[in-house]
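Each of the next two complexes has chain A plus one more chain, namely chain B in the first and chain C in the second.
What follows is the complex of A and B.
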């Protein structure tokens, strides 16, 4: 009961932070610079509010809540994938050639995940939700984690000057990695009680953690001038003979 | 089974990696001057000398003393963070995250000491968090003026 209470408090605080951040973005006219963030926050609010409404109306064990849960999960996973794509775009702002390659790679990955999940559907055609949507969501979620890590490594390699983007990617990483680890633990323990309890606590906490990191980025970290250039290499020291001239 | 184990290990590692990177990015925030100096002198904090000796001479054998020094500095600075020139008398979200990170690094230091492996990087990370805290306290104190003196100057000449 107490753990449920903590979970609900964390979840509701999360919704409040999301709404507050959207309001802050709108009020300070930062929509343009932070389109991806605003988009994902809006999806989170819509998804969580829909779930809360269905839970309140029909109860946890109802079929309608089950469908609403997995449909909103699909919306959230697709939004997460969209945000990762937008972050890639932001990272490659001045590198059109690289972006073209990455775009093809991202589309290919999405099709591949859908095709692999489709195999589960072809084996069990009677239940679209259980065998396709759940499998698709799980696979795409882990793909997002891998893509996010690749993006972080790419930013590091490009020596990006966009501190905002790096922290946004880190926040997203926390959001992806925590739930992926606990859900894998649930799978490994065949739905053990402790693993399930851990997953129920970790998932809202990770979302909460991501929101805190994003709030810090939006409020405190200034956007790099010119947006997204590389960090300038340090100037070479001027030889002593030349500096005397 | 193998895939799930792989996902578990990889995701857990990435989770801790992202938390560490986030904390380190916050710690890299630039201050317009070295505010921590006056706080260190006024409160006789030991982490700068400890860091210097670590960088020059490597890890000392006296682990209990080193841990005690860092712990005392940590307690003093977290107290100052909450109470000095802080009207709300509470930590910000960023400070809470870094305090958690600091506690995690203390645990990591203890584990590394037991394993006799990589104590120096953990100690340096702790020192950098403490320096950040001292900078934040110094910056806050600096904004409070006593006549022509800032609070930091006042503390410095005590």
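What follows is the complex of A and C.
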């Protein structure tokens, strides 16, 4: 009972934070500058409200909620992939050549994930939902995790001046990495009960953590003006002989 | 010495995580079945539905 209560509190708080952030973005006219953030938050609100309706109507253990949950997860994972792509675009704002390469790579990855999921569907044609939709979700989720990590490394490598983007990417990292780590634990313990329980608790908590980070970023961290350039390299010290001239 | 131990532990962690993820990828590509364990959202995750009963053999 207490566990259920905590779950509902996390769920409702998450939806409230998402709605509040969308309202804040709209009210402060930051909507235009934060298109990717607004898009993802809107997807989260739509997906989670649908899930909440099914949950309250049919209950946690019902088959309808199960289908509603994993169907809306498709929407959310696709949105997450879109957001990671938009973050890549923002990171490469002044690097058109790099962006062209990355764009091709991202499209290739999406097609590859769909193709691999298609193979598992071809082996099990009787169950489209489990063998394509859910398999596609899981694979695209891990693709997003890897891409997000690459983006973070790229931002450091480029010495980006966009602090806001770095924090947004960190927030996405919390959302992706937590469940992936607990999944690794599940496999290491060969599907242990505790590991599975932990995996199920981690998913909502990590998304909640991501929302808190994003709330901090949106409200307190200003977007770098003009943005997206690199930090100026530190000035080299002038040698003593030259300074005398 | 401390650094060596830390590096060893880190290497074990990385290998364990990578092997688990690989196993998961392979498992989802086979006909064993898909067990979704990662998702997005603050909603409670539904438990797996019971497996469908096998059809009765017809005589």
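The criterion applied here is as follows: the second predicted complex is superposed on the first by the 223 of 245 C-alpha atoms of A that agree within 3 Å, B and C clash if a C-alpha of one lies under 4 Å from a C-alpha of the other, contacts with A are read in each partner's own complex, and residues count from 1 in each chain.
Basically, contacts are C-beta pairs under 8 Å (C-beta built on N, C-alpha and C of every residue); 3 or more make two chains touch, one makes a residue touch a chain.
Just so you know, these numbers come straight off a predicted model, no measurement behind them.
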item: Chain B versus chain C as contact partner of A:204, first or second or both or neither; value: second
item: Partner chain in contact with A:187 - chain B first, chain C second, else both or neither; value: both
item: Which of chain B and chain C A:214 touches, first, second, both or neither; value: neither
item: Partner chain(s) touched by A:65 [first = chain B, second = chain C, both, neither]; value: second
item: Which of chain B and chain C A:15 touches, first, second, both or neither; value: second
item: More chain A residues in contact - chain B or chain C; value: C
item: Which of chain B and chain C A:173 touches, first, second, both or neither; value: first
item: Which of chain B and chain C A:81 touches, first, second, both or neither; value: neither
item: First (chain B), second (chain C), both or neither touched by A:116; value: second
item: Overlapping contact positions on chain A, where the chain C interface meets the chain B interface; value: 142, 180-181, 184-185, 187-188
item: Residues of chain A touching chain C in the complex; value: 4, 7-8, 10-11, 13-15, 44, 47-48, 51-52, 55, 60-63, 65-66, 69-70, 72-73, 76-77, 80, 116, 119-120, 123-124, 130-131, 134-135, 137-139, 141-142, 175, 179-188, 196, 199-200, 203-204, 207-208, 211
item: Complex contact set, residues of chain C against chain A; value: 16-17, 19-21, 23-25, 28-31, 33-34, 36-49
item: Of chain B, residues touching chain A in the complex; value: 1, 4-5, 7-8, 11-12, 14-15, 17-19, 21-22, 25-26, 93-94, 97
item: Contact footprint of chain B on chain A as seen in their complex; value: 142, 145, 149, 152, 163, 166-167, 170-171, 173-174, 176-178, 180-181, 184-185, 187-188, 206, 209, 212-213, 215-216, 220
